[in-house]
Structures are given as structure tokens and as C-alpha cells.
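The two complexes that follow have chain A in common; it is paired with chain B in the first and with chain C in the second.
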Partner chain A sequence: MPSTRQPQLCLILMFLALIGSVPLLQAALELAAGARPQALEVFRQKPTAPNLRRYEHDLTEASRVAGWLRPWAQYVLFAGLGDGGGKTLVGRAGWLFYKPGVQGLTDRPAHGSHTVEEAAAAIVDFRDQLQARGLRLLIVPAPNKESIYPEYVTRRAAGLGAVPGAGTRALLQQLAAAGVEVADLFALFAAGKTNATAPLYLAQDSHWSPAGVELAAQLVARRITGRGWLQTGTTAYLCRPAPIERVGDLLDMLQLPRTLTRETVPCRQVVRADDGAPYRDEPGAEVLVLGDSFLRIYATDEPGAAGFSAHLARELKQPVLSLINDGGGATLVRQELCRRPQLLAGKKVVIWEFVERDLRLATEGWPRVSLPPPAHP
Partner chain B sequence: MRVMYALSVVLLTGACSDLARSPAHAGADAQVQTLGTVEVTARLVEVPEGAIFKRDLYDYATILKYEVVTVHRGALKQGAVIYVGQYNPWKPRAAAADRKAPNLGGNARQFHAGRLQRLALATPLDDFFMGGLVDKYFGRRAGPAYWAVWTNDAD
Partner chain C sequence: MVFTTHIFLFYFLPLFLLVYFSLPARWRNLWITLASYVFYGWWEPWFVTLMLFTTLLDFIWGRVITRTGATPGQRRAAVAACVVTNLGLLGFFKYYMFAATTLNQLLAAVGVGTFHIWQVVLPIGISFYTFHSLTYILDLYRGHATPARSFTDFSAFVALFPDLVAGPIIRYKTLAAQLAARETTVARFASGVSIFVLGFAKKILLANPAGDVADAVFGAEGPLVLEAWVGVLAYAFQIYFDFCGYSDMAVGLGRMLGFEFLKNFDAPYRAESITELWRRWHISLSTVLRDYLYLPLGGNRLGPVRTYGNLLVVMLLGGLWHGAKWNFLAWGAYHGLWLAVERWRGKQSLCPALPRPARIGLTFVLVLFSWVLFRAENLTAAAHYFGALLGLTTPGAAAPLLAASLYTPHHLLVLAVCAWLVFQPVQAHDWVQQPLTWNRVAALAPLFLAALAAMFAQSFNPFLYFQF
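Up next is the complex of A and B:
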């Protein structure tokens, strides 16, 4: 009898050591770092259900062992099984997509959702506030990657062209009805993707490619000058090749333990024709560009001076001023403008870019944001 | 069993040693006492719903509301309510610094309402951080927002 119990006891002890070693190792590491063990946090708050849930969540997030193992587990799932985890969708031909964005395209809006109406109301209100100051507003919704390239999500979408979400179409209709000027990049990119020599979006990233940036800048410049809102300036800019290698944000989000591949991105940097200096924003410019990471990419990111604002300035032959708020194109950037209303001084045109997925996923939603009254000299 | 017992004693001793510190020195270290222009021990008044959560693609700072308990440096007054920008507050302070917000730190790991923290602050926030700012008090607060350079637990 004892001989049959020995292996059982051994297995039980091994199991207990396995599950016991994780918290003990965690506590030892925390003590070695001079910190209070995370496990003791449970004694510092009332044992209510929300506190205990938060405690459990905090323990999971703080676990060193989980931190070591998670990237390798994700690596095996991604490289071996093509699983992108909770946020990344692995598409065709090596293209990655932001899963919540795709869900926004394919899922029905939540029952009772008024996001489209709220967004339209906030945009119209912002347009009216700018109009009262004598400024023009041009809205530039940046299409989701999956709206322009659905065929890389699923082969069944081949031949569809561009498929903006139902909410996006409703928003564009409401804005048109309210007389808001919109640069329709959906139609432009749908046509452009068949003619372009390079894709308009990056394969590993949620953002547009240099080709997409330049196409969008050309349309916006044509719209502004075509409406007579602005005269073309006199500053000549040139483009020079500035290719970079980039790890896309969708790949980066997987937090893999090693970089699988970098994407070569054929950027074109905008430089002044007279002295060859890279493009720089000008606070006294007549155009203010508000937006999110679609403005940041290639601008403050590598290689610099190759983003949307730089190419818009090249088209307009005059510098512009940018206010960029990563992931905050819907509302945070307007709030930041409220904190810094002096940025509106001397402006004639405001361009407001936000990504399509913000219609459902905007940080802080779509409240109306009241600009402070203009300062009178 | 002995190992477990010894470790329990170590853990409890560690916990009690924190509690035994005097309030004036709670959370003090070289960084919190020298960085920024203002140093306070303050109580986190609340964490508004949706103010702190893990972000997928982007980095944000979040404005949090504190009540000043002790002023160590600077011109603030005891009992004052201040609004402080904490960068990516879902991360432990020791892991929060990055290229967009360098030189941040501290031993605080989470932000829970009611906690006392010792903060080294800089102001105005816009001079130190130009990225996304989640401000649940937007339009409802007055005065400058501070930028949390160093945050230590102090309770």
C-alpha cells in the first residue's frame, strides 16, 4: 500500500510546489526590490466584491512569472497558429488588423447607441463655433484600414472596393445634410487603391502608408483652395526619399519576445526647396490641423517631416500648424485646443482629422466642447 | 513548512515596517524629495469611472484629483484640492516612464481612492507632457494641472 501512495504524494507535492512557487517567487522579487509584496494589498482595503476583483486583476498584471511567460505563449500562438490574441486580427497575406475596429465594421451597434447622432452634433457645434470666429472647418475622417482593404480580412470581400461601416455612412450623410465640409477619403482611397503603385495602408500597422498620406493631403489641399478658403502660398517644398524600417503598432501590441519582421516603408520627406531644411510647422500659419496618430505617423515618428501636415504644406506651398493627440482625434484634441486657444490666432482654416473607428471607440466619447471666447485685442 | 513559516514572518515584517514609519517620512526617498518643484503628501480623492484602464495602441495621461495632506516643498496649502496628471496610470510607476514621458518613477503600483501618496510635482503640465490627456474634470476644474514626476505610496 505505501508503495502505491508514494507516487501520488510525489505528484501532489510537485503540484503544490508548482502553484506555490509563483506567489513566493513574486513576493521574494518584490521584497528584493524594496517594495511591499503585492499580495498584502488585500489587507489594505475593505474586502468588497469590486475591491477583490481589482485585487485579483492587479495581482495578474503584476505577476513577474506571467510577464515572462505571456510573450512566449503569445509568440507560439501567433507564429505557430496565426492567433493575434485579443486585439489583433491576423488577415491574409501577412496583413494585421485592429480587432475592435473590424468588430465596429461587422457588428451591429449596441441597442440604443446614439454615437452617430452625438458625433454629428459635436462636429456641427464645433463648426458653428469656428464659423463664429470667421474660421472654416474641413472634416477628414481617416478610413479604417479594414474599410479600404476588406479583401485582406477575408477573401469573400474581394472586389468590394471600400466598405465604410454603417455608422460611418450615416455620419457622412448627416454631416452633408448639415452642410459640413467633409473630405471623403473613402471614395478617394477606393479608387486610389487600384491605381496606386503601393498599398495605401501598412500591412503590420493600423495607419496609412506614405502613399495614403500623400493622396489624402492632395485631396485636402485641393478642397481648401478649390473652395477659395485659402490662396496657394509661395514656399516651395521638395520631396526626398527617406525609407524607414518600422515595426507596426499591431505587431508591437502583441508584445512578442522577438521581432519577427520589420516593414520597409518608402517615406518621402518634405524639405524646403531653398535650403533643404526638413519641413517644420509654423505657429503663425493660416491652417490649423487637428488630429490623431494618423497625423503623428512619419511626422514626429521616423523619419520626421514626412507626415500628413508636411505633405499638405507642400501642396499648399505654405507651412501649417498641427495639434496632434494620439488616440484622441475625436474629443481629446478639441479639449486640448480649449486649453490652448491661442493656437487659433491668425488661422483661416481648421482641418479636423479623426480615425473612423473613433465613431464607436473614441476616448471620452463625443461630447460638445465649448471653445473659450476669443480674446479681443 | 519551516520555509513557508519563515517567509510569512518576512512578509508580515515587511508590511509592518511600512506602517511603523512616521507620517513625515512616509514615502520619502531621494527622488521624491528633489524632483519637480512641489512635493506633497496627498490623498487620492477618487478615481472616476473610465479614468484608468489599459490602453491598446496609445499612451495617455489621466488627471486625478488629490487633497493635500502635508506640504513638503512648494507653495501649496494643506487641504488644497489639486489635479495631477499621471502618465499611463494603469502601469506601476516604476514601469511608467518611456520615450514620450521620461524620468518618471516611484514605488506606487496602483491608484485607488483614499490612498495616501507622496508626490513630486511639476507645473504647468503642458510644459512636461504634450500627449493625450484624459481629463474627467474637463470644464469643471480651475487652476493649473500638475505633472506627477515621482509617486510613492505613503500609507
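Up next is the complex of A and C:
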């Protein structure tokens, strides 16, 4: 029908232009940059399933058009429809949450999963290895933000209080049964969040706030000194305000085309009382702190000297030594310690922090890690 | 390769169309075959050799069956050999591990030693292309079709990439004439683009977000009653828009090449009974099961009891066709029983006295229950889910948190649009039959752009029916 021919042609041309222009534009940009068009890489490798998967993945990731459109699509979904994509969950009052962490609380354990048992076995084994060297171990599971503040995830969770995952509860029970010392931040934070003047977690970030850091450091210091593992030192530290503006990791994960808001974080930097120098780790310290990004935040990140280790040092009145592996609190940090056993020299106490969600999401799982035999003097 | 991926949309499809329309008509079937092998081999290149092997075998069996001078006995033997070969391969790849595991469990239960189970990789889409081939052989045997002109035609029919891995199941006799000669017109191509875009949008904009909701609930430890209902509702929408979206895209791609595939869905959730549902849902599978299983079993010609039995057997095998899981058998049995009950009541809805919307609603609820069997990880999980739907299970400690993943404005909007669309009398397939106006172009263009943009923001999400 003549009356429909023009719309038909228009639709066809538009469709073909859309699907045809993307590869042509991509090739033109690659050629202009002096590179070989990536699409041709398929002819330079054997057509095996892994090679084809990798080729397809690389081609998709390298797409300029996808790179331009993705942030805007994500922006519309987030700002317009409250959807944070695969990693971020949009909560209440501007709070964001790490979606896999929330799923870890709501999902049933995978069929045949033995993660809790494996984690408990790895921790007990690590404790025993340290004990054989005359060292004490204190476990510090950092609660997921959603475990402490479920009411900010959804209004329907307002009456829940704090909800550590079923796996976390089982792990704490198994560790208690095995006589492993654990600093229970769940109970502390659950009680502390009502008393604290500021939230214990950041709104746009999956990590604890400066208030949470200080509360955790106080508990850990009390536990170590209370058990008589360590005497309080003599180095006096002070705190000075060091507020920062920070883009939370959860907001960052959204990969939006522009940053919407920055969160003002009222950090308190730890400085030496004698010369006012910002806190620094000390290799010869008696305490070694192992952990993940919960140690890194405010320490190697801005403003520096305001993280967990700094505040722990202030409570203990002596410097500590930190070994941090971002995202690797469960296993990678232990493996790194194996490669650098000299860090244990002169230590009396090892504090091992890992985030609750690692019970399900730990990159390397929970294998036992054998420390090298101690070097005899 | 998956239709909703960067590589298919921006590399495979434009290159395929460019070469296809540059070739003279007599070379096009060969190009379809070669390109389809690339499309299929993208998952695992050795799958192509299996497909080529069965295609060659079926082509030869077809020649034997239709050979001049072949006796009825020879023809019967040839068709039996072909059915055994095809179903044997399908059975081995699809059901070996299930059968071996079950046997091992039985052996262990009676205290007998178990045996080693090989890890068998299921070639994607094998159920679909095996059925394509079988319909060819059976139609030849029955005299309902003529043998393929050439191996190229036959291999193009079996491998035809638009319907290769998730249907619709197309019979050779439907495409025979089109394989020999087909016309590509501007109107047909535009209609193909229209329905392709609608199918693409169904998958990306509706099925995938609905799937997020369904996955969250079905994976949860003891959801609350409301969330359990929302979860199964979301799954009902996901599986419909996912599968129907794929079928629409297949029909659209076929139309771009000049083929005409039959409609695979006809507003199934508007059905007033389970019997009617199966006239509207996955129509190509329903008709294949009817013509090649139900009727040969005697259909309704051997008395009521035998009819009920035949319905049950067909639905059990239909369930098993979806995969080697007890869930699918239970799902098939559930549908078979309802079909038998409705047949006993004279093919009527359960409550014919109710007004039509209520009959549709009642059927929809029955279908929702069946989706629990279909979606749950195993029968135990299905039982727990039924408990959650009825408020009989203890919710998980963190169950209220599930609300945050489900009731986002995005998900609520998607579920509302799904709910509105599934009950519309005019579906995508019918919509594109009407003349393409400027208004429709103005609707389709932004829809395609929005779906493309959303595709870039989504993680990889293959079609549900690929696993079958």
C-alpha cells in the first residue's frame, strides 16, 4: 500500500542504520586511534568456546556506544526508577546498600554449601597456628551495613533491630564452641546505633562511618587489654576533626555519568600528642591487624590516620601494624601474611577483621592457609 | 549466540543480512546454513558436528523412506531407525545424568555399590532441532510432506538460526515451499523489524526485570506471603515475556528473510481453562505433541478413561521434554490432571457459571501454582514455596528485607505493564499484521532505543528456554 510504504522504509532504514552504525563507528574510531579493529580479532585465534567467550566479552566491553549509553541508562534507572542495577540497592532516606550483601541475608544457603563449616575450620586452624607461635588471635567480623540498619533498607524492616545472617549466627556459635575469641560487633552496634550521635555506617557507602570505626576500636582494645593479652602503652594520641567529602563506593558502583552528591564524613584524625604528627603504623608493634577495606577506609583513603588501626592505637596507647587486602579479608590477607611472615616478628596479638558478607562472597573461599614454620633465632 | 547481545545485534545480524541480500536467491539457503552453524557453534563449536551428523542422517533416512519401490516394511524400519537415533541422542544428552543419578540413589538406598557417572554437556537447543528433524521424517512417512529438494535446503531448515535454539518448533511441511522460493518485500521486512523490536523490548524491558523479582523471591529463605505471591506472579510474567519475546524475535528475523512462521503464543493468560491455555501457550509444541503423540496414542477415540490417560501421558512427556528434573514431571502431571478433569467435565472451565473475568482469574491462579513447580530448584523447594504462598511456613528472620529488592518503582512499573499487556486481546503478533503507520514507527523507534540502552545496562541474561 503506497500510504504505508514510506513508514515501512523509514523503519527499515532506521533499524539497519542502528545495527550497522555501531560496528562501523567502532571500527572507524579504532582505526583513527591507529589500532586494528577489535572485531577482526576473532580470526586471529582458534575458535574454541573459551576464546569465543573472551572475544565476545572484550568486544562488548570495548564498545564506545555501549560505553556512552550505559551510564545514562543507569542514571535513568537509578534517578527515575529507583533501580541501582546489579550491585546497589536503593534504600530509604538516601541510604544505599550492597545488593549481594542484602541477598546474603535473605537468600537460603546454596544447596550443599558448607561455607560456615569451612570458615570456622579455617579460623580455628589459623588460631592454632598462631597459638603455636605464642600469639593470640582476636576475630572481628565487621557487620554488613544492612545487618545493623535493616530499617534503612526498607520501611517493612523497621522493627527488626539488627539481623545478622543465619550463616553469621552459625559461625559465631561454632567459633564460641571452639573457644575462639570474637569481638561481637553485632551486639555492640545494635545497641550503639540508638545511642550514637551519628550513624555507624555511611549512607552511600558499604563501610562503617567514623563513629562505627571508633566504637569498634574501643571494643577491640577493651577485649585485648581486658584479657590481659597486652598492657596499655604509653604513647598518647589525640583526635582532631578532619571532615572529608566522599563519593561512596555504592554510588560509584552505579557508574553514573556524573556524581550526584558527595557525602560529608566527619572524620577524626589521630595524631601524636607530643608532636601532632598524624598516626603511622609501626613495624615493631606488638599488635598486627589483618583485614580488608574496613581497615583501609579513612586510613590509606582520605583523610589518612583516621581508620580503625589509628583509633585502635589511640585506645591502646601504642602503635599497631596493619596488613590490608581490599576485598580479601577472608583468605587473601592470610595468604599475604604467609608470603611475609616476618610481619609476625615481635607480635603478641593478631586481630583479624573480615566483613560479614565474605562468608558467602569471599573471592577465594575459606581454605586453610598454612603459615611457614617460625624462623628460630 | 543470543539475540539480545552486542555481538548478535551489531555484528552477526548486519553482516548476515548484508551477505544474504547480496547473494543470488539460489545461494541464500547455503548462506543460512553456514551462518546458522556459526550462530550455533558460538556456544561450543563441537555442537555443530553433532547437528551436522543428525541432519545428514535424517536427510538420508528421508530419502530411504520416500525411495521409489520401498516396501512398507522398509519404510517402517527406516522411520523407526530414525526415531530411535534422534530420540536416543536426545535422551542420552538430556536424560543420561538424571537417569544415572537416580539409579545410583536407588542402588545406594538398597546398599548396592554405585557406578561412575560421566559428566555430559547438554547441547543447547537439541530438543528443538531434534523435533524439527523428527517432524520431517514422520511427515514424509505419513505422506504429508515431500522430501527436501537438496541437502542444502534440509540443513537450512534444521539449522535456521532464528528458531534454532528456542523455537517455535516448525514443521518441514510448513517451510518446504518457502525454502524453495520466498519473496522478500519491503512490507514483509518492515513487519519483521516491527515484531523483532517488540520481542526484543519484551525480553529486555519486561522479562529481565521481572526475572530479578522472581529470582529474589525464589532464592529467599522463607519469604512472607505477599512476597511469595509477587514472586510467582513475576515469574509468570518473566517466562511469558521471555519466551514470547524470543518467539517474536524469531518470527521477525524469519520475516526479514522472507519466511513466515506460525504464531507461538496467543494471549495465553486470557485462557478460561487449562485446555484453552494449551491452545494459546507454546502453540508449536502443543500441536506437535497433539499430532505426533496424543493422536497416535489414540487421542479421544478409545473411550474416556483412555483419553484421560493419553492426556496425562502427553503432558508428562511434555514436562520431561523441558528437562530431566522431577519438577518438570510434576509440572506435566499437574497440567495433565487438570486437562483430564476438564475433559471429564466436557472441556469446560472449572466454574463455568462464573463471569468470564473470574474464569480467567481462576485459570491464571492455577497456572501460577504450576509455575511454582516449574521454577523451584527442586520438589522440596517447591513444597516450601507452596507453604509460603499459603502462609504455612515460618518466614526467614530477614524476610522483610526482601521488600526492598521487589518494590522498587522500576519493578512495580514493570509488573504493572506486564499485568496490563498479558490480558490484552491484541498481542504483538496481531499488532504487526495491521498497516504500519507513522504513529507506529514513532512508537517502535524509541522503544528499540530504550531497549538497546537498557541492554547495555543489564548483565548477561540469556533466554529461559535455551536450557530446554
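Brief remarks follow.
Throughout what follows, the second predicted complex is superposed on the first by the 363 of 377 C-alpha atoms of A that agree within 3 Å, B and C clash if a C-alpha of one lies under 4 Å from a C-alpha of the other, contacts with A are read in each partner's own complex, and residues count from 1 in each chain.
FYI, contacts are C-beta pairs under 8 Å (C-beta built on N, C-alpha and C of every residue); 3 or more make two chains touch, one makes a residue touch a chain.
Worth saying up front: this structure is predicted, and the values here are computed from it rather than measured.
When the two complexes are overlaid on chain A, chain B and chain C sit side by side with no clash.
Of the two partner chains, chain C is the only one touched by A:Thr48; chain B is not. Of the two partner chains placed by superposition, only chain B is touched by A:Ala35; chain C is not.
By the touch criterion stated above, A:Ser293 is placed in contact with chain B alone, chain C being left untouched. When chain A is checked against chain B and against chain C, the one touching more of its residues turns out to be C. Within the superposed three-chain model, A:Asp326 lies in touch with chain B and out of touch with chain C [touch as defined at top].
By the touch criterion defined above, A:Ala345 reaches neither chain B nor chain C.
Applying the stated contact rule after C-alpha superposition, one finds that A:Ala198 touches neither chain B nor chain C.
In the superposition on chain A, no contact is made by A:Ala273 with either chain B or chain C.
Taking the two complexes aligned on chain A, the least Cα distance separating chain B from chain C is 9 Å.
The contact surfaces that chain B and chain C form on chain A in the two complexes overlap at residues 39. Taken in their complex, chain A has these residues touching chain B: 24, 27-28, 31, 34-41, 43-45, 54, 58, 61-62, 87, 98, 100, 206, 249, 253, 293, 325-328, 332, 335-336, 338-340, 363-364, 369-370. On the side of chain C, the complex with chain A involves touching residues 5-7, 9-11, 13-14, 17, 41-45, 186-187, 189-190, 193-194, 197, 209, 216, 219-222, 377-378, 396-405, 407-411, 413, 435-438, 440-441, 444-445, 448-449, 452-454, 456-457, 459. Residues of chain A that touch chain C in their complex: 1, 3-12, 14-16, 18-20, 22-23, 39, 47-49, 52, 56, 59-60, 63, 66, 69-70, 72-74, 76-77, 80-83, 85-86, 89-91, 97, 99, 102-103, 105-109, 111, 146, 150, 153-154, 156-157, 160, 163, 165-166. Across the complex, chain B meets chain A through its residues 7, 10-11, 14-15, 18, 55-60, 90, 92, 107, 109-110, 112, 126, 131-135, 138-139, 153, 155.
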